[in-house]
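In this document, chain identifiers A, B, C and D correspond to the written order of the chains, with residue numbering beginning at 1 in each.
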C-alpha cells in the first residue's frame, strides 16, 4: 500500500471512530477540561505530522460528543508523541484516546480490564524527577517507561495522575481508532451505570 | 480488501477531499442554494446506503467552505443515485461533487475541459418528458442516458439546466473524492479570476 | 435604545430561536434542499446588511437541526429582502423563517392557521409575468404584492410554489425570531404526527 | 427591561463577541489546553444557570478561533462562579474570558495594563491553604479574595498560576462580553508581535 492509501485508511478509520463517539451520549460525561482527542499514527510515523487527530478536539454540545474539526495529520502534539513513545515497547499500538479521570473511573476501568483479561496501568507524576518535569517534552519517555515497567507491559487502559499544572487523565491504547473509541464507549456506559446507581 | 477496509478507504478519501475544499476560499463562491455535497461510492454499491457523503452538506462560513458534519454512509440520496446510474455507463466513476451553475461557469468549465482534453456535457431539463418529471426518482436514468448520449460518453464536467422547481447545478465526476475536489478547486480559481477581471 | 443595543437584541433573539430549533428533532425533517434560514431585521433596516441571519444556514446533522455558523448581520440576501418588502404592508413583521414545502405541509399549515385564527397565503409563480421572472431581484416586490392582495393581508404562514429553477418553500413571518421559530416547531410536530400516522 | 429582554441582550452581546474572536486569527494561538470560554452574567444572577457562555467552549480550527456551540445559559460552571464571586467586590463586572498563560503573556498583559492605567493581578495557588484545595468549589471565594487584596481592587487582567492538577490561565474581566473579547484580541495581537519578533 502506498503512503497516500495508508493516510486515507488512517483518516477513514478516525472518521468511523468519531461517528461512533458522536452517537454516544454517555461519552459526553467523560469529556475532561482539556477536551478529548483521538489520534492514529501511520505505520512508520516518526513525528506528530505523521499522526492524524481531530482538529480542535472533541467537546460536548447539547448532550452529545462533538468533533470541532475534521481528522487531519498534525492536529495533535501530546497524544501523538505518546503513541510514538509507546510503540518503542509495543509496535501493535497505533491509536490512543484520552478522557476524564476520577475515582469512579479507576474502579470502572480496573473492573473492565480484569473482566477482559487486559493490562491496567497508571503513571504517578509525584514520582517524576524534577529535571524531567521542568522540560515538558523530555517527560514523555520517562512517563512511558515508568508506565510499562510498573504495569508489566503496555496496558490497554491507564491513567496519568495529576501533576503540577496538569489535569489527570485516562487513556486507552489500541491497534486503531475504532478499537480505542469502542473501549471508551464501553467504559462510558459502565461509568454512567455506576454514577446513576 | 474486506468491506470494512473499503469503507474506511472511502471515508478517508472523503476527509482528504473535504480538508482540501475547506482550505480553498475561492470555492466558497461556488456554493449553490442547495449547498454542495461530495459523494463517494463503495466499489460494489447498489444503494445510497453504500455511498458516503458529507452529512448536512458543505456551506460557506466566514468566507471559507465549511462541512456541517462528517462523512457518513447514507448521507446523500440524489448525488448517490447519480453515481450509481452513471456507473452503468462508466465503471471507473465512483465520486461526484455538485456546485453553482451560471453562464460564466459554463465558459470556465468548457475552457478547462477543452484544455485538458476532457469531455464536457449538459442535461437540458426542458427536453425531459412529462411522465419522467412527475416522478422525481424515475428521472435519474433518463437524465444520465441523455447526458451520455449527447456528450459521446460520460463527461468529467457537466451541468444540469434549471427545471421546474429545480435549481440548475454543475457536477464533476471522477474516480475518487480527492479527484473531484481537485477539479472543483481548479474551476473555482479560474472562475474567480474571470469574475474579478 | 442605541443602535448597538438594538443589534444585540436582534442577535440574542436569533440565538434563542436557534437554540429552540436545534433542540427540536422534529424540525430536522422540515429542512428543504436550500436549507433553512432565519432572519431578523433591525427596526429601521433598509438593506440586507441591517438584517441578521444564520451564517451558512441551518441544516440537519445526526437527526437534529444544526446551525452551521453564528447569527450575523448581512448573512442573508433573499430572506432579508423578503422581510424588508413585507414591512411595506405590515410594519410589525421583523422576522422570517423558511422550510420545506409539500402537500402534507399545506394541510398542516392551513389547519394550524384556521385553528389559531391566522391568515394563510400562497404565491403562485406560474402567474408571475415573464419580465419579472427574468430579473430575480425585481420579482420580490411583485411576489409580496401578489401575496398580500390574494391573502387579504400579510399572512403568518404561506408558501411560494415552485418556479423555473426555484424550489417551492414554506415561510412563516412574525414579530421576532423566537416567534417564527415557535411557529415552525409547532408545524414540525404536527407534520410529524401526520406523516407517522 | 423584563428578564427575557435581559437574557437576549446578554446572548446577543456574546454572539457579537464570538464573531469578533472568530475573525481574529491571532487569538488562535492563545487557546489553552482547557480551551477558551467567554461568559456573561445577567444583572441579578445568583447561579451559573443565570450566566450565559459558549457551549462546548472555543477551540482553534484551521488557524481561526472556533466556537463549538452557540451561547447558552448554564454552559459554564467555573467561569460563571468566578464572575459571581468577583461581583461581590465590583458590581460592574458581568463578563469574563480565559486564555493561555505563559511568561511572554505576563509581560504583554502587564505592559498593556500599565499603558492603559488598568489594574493587573495574579493568584498564586501555592499559597492556597490545603483545606481549600481539597474541595474545588470552596476555593473560588478564597482565590478571588486573595486576588482583590493583593491587587488593590478587582483587576481587568490577571492570571491564576498553576496548581496541583490545574493548568495556569489568564483571565480578563469586564462590563460585557464585547469588552472582554476586545481586551483578549488586543492582547493576542501584542503577543503575536512579541513572539514573532
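Note that in this section contacts are C-beta pairs under 8 Å (C-beta built on N, C-alpha and C of every residue); 3 or more make two chains touch, one makes a residue touch a chain.
Because the structure is a prediction, the values reported are computed rather than measured.
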| item | value |
| --- | --- |
| Common touching chains of chain C and chain B | A, D |
| Geometric centre distance via CA averages, chain D-chain B, whole Å | 45 |
| Between chain D and chain A, distance of the C-alpha-averaged centres to the nearest whole Å | 29 |
| Distance from the mean Cα position of chain D to that of chain C, given in whole angstrom | 37 |
| Overlap residues in chain B, where contacts from two or more other chains coincide | 22, 62 |
| Topology of the chain contact graph, where touching chains are joined (line, ring, star, complete, other) | complete |
| Contact footprint of chain D on chain B as seen in their complex | 22-23, 62, 64 |
| Of all residues in chain B, those that touch chain C in their complex | 33-35, 55-57, 59-62, 66, 68-69, 162-168 |
| Interfacial residue positions of chain C with respect to chain D in the complex | 5, 7-16, 18-19, 22, 67, 70-72 |
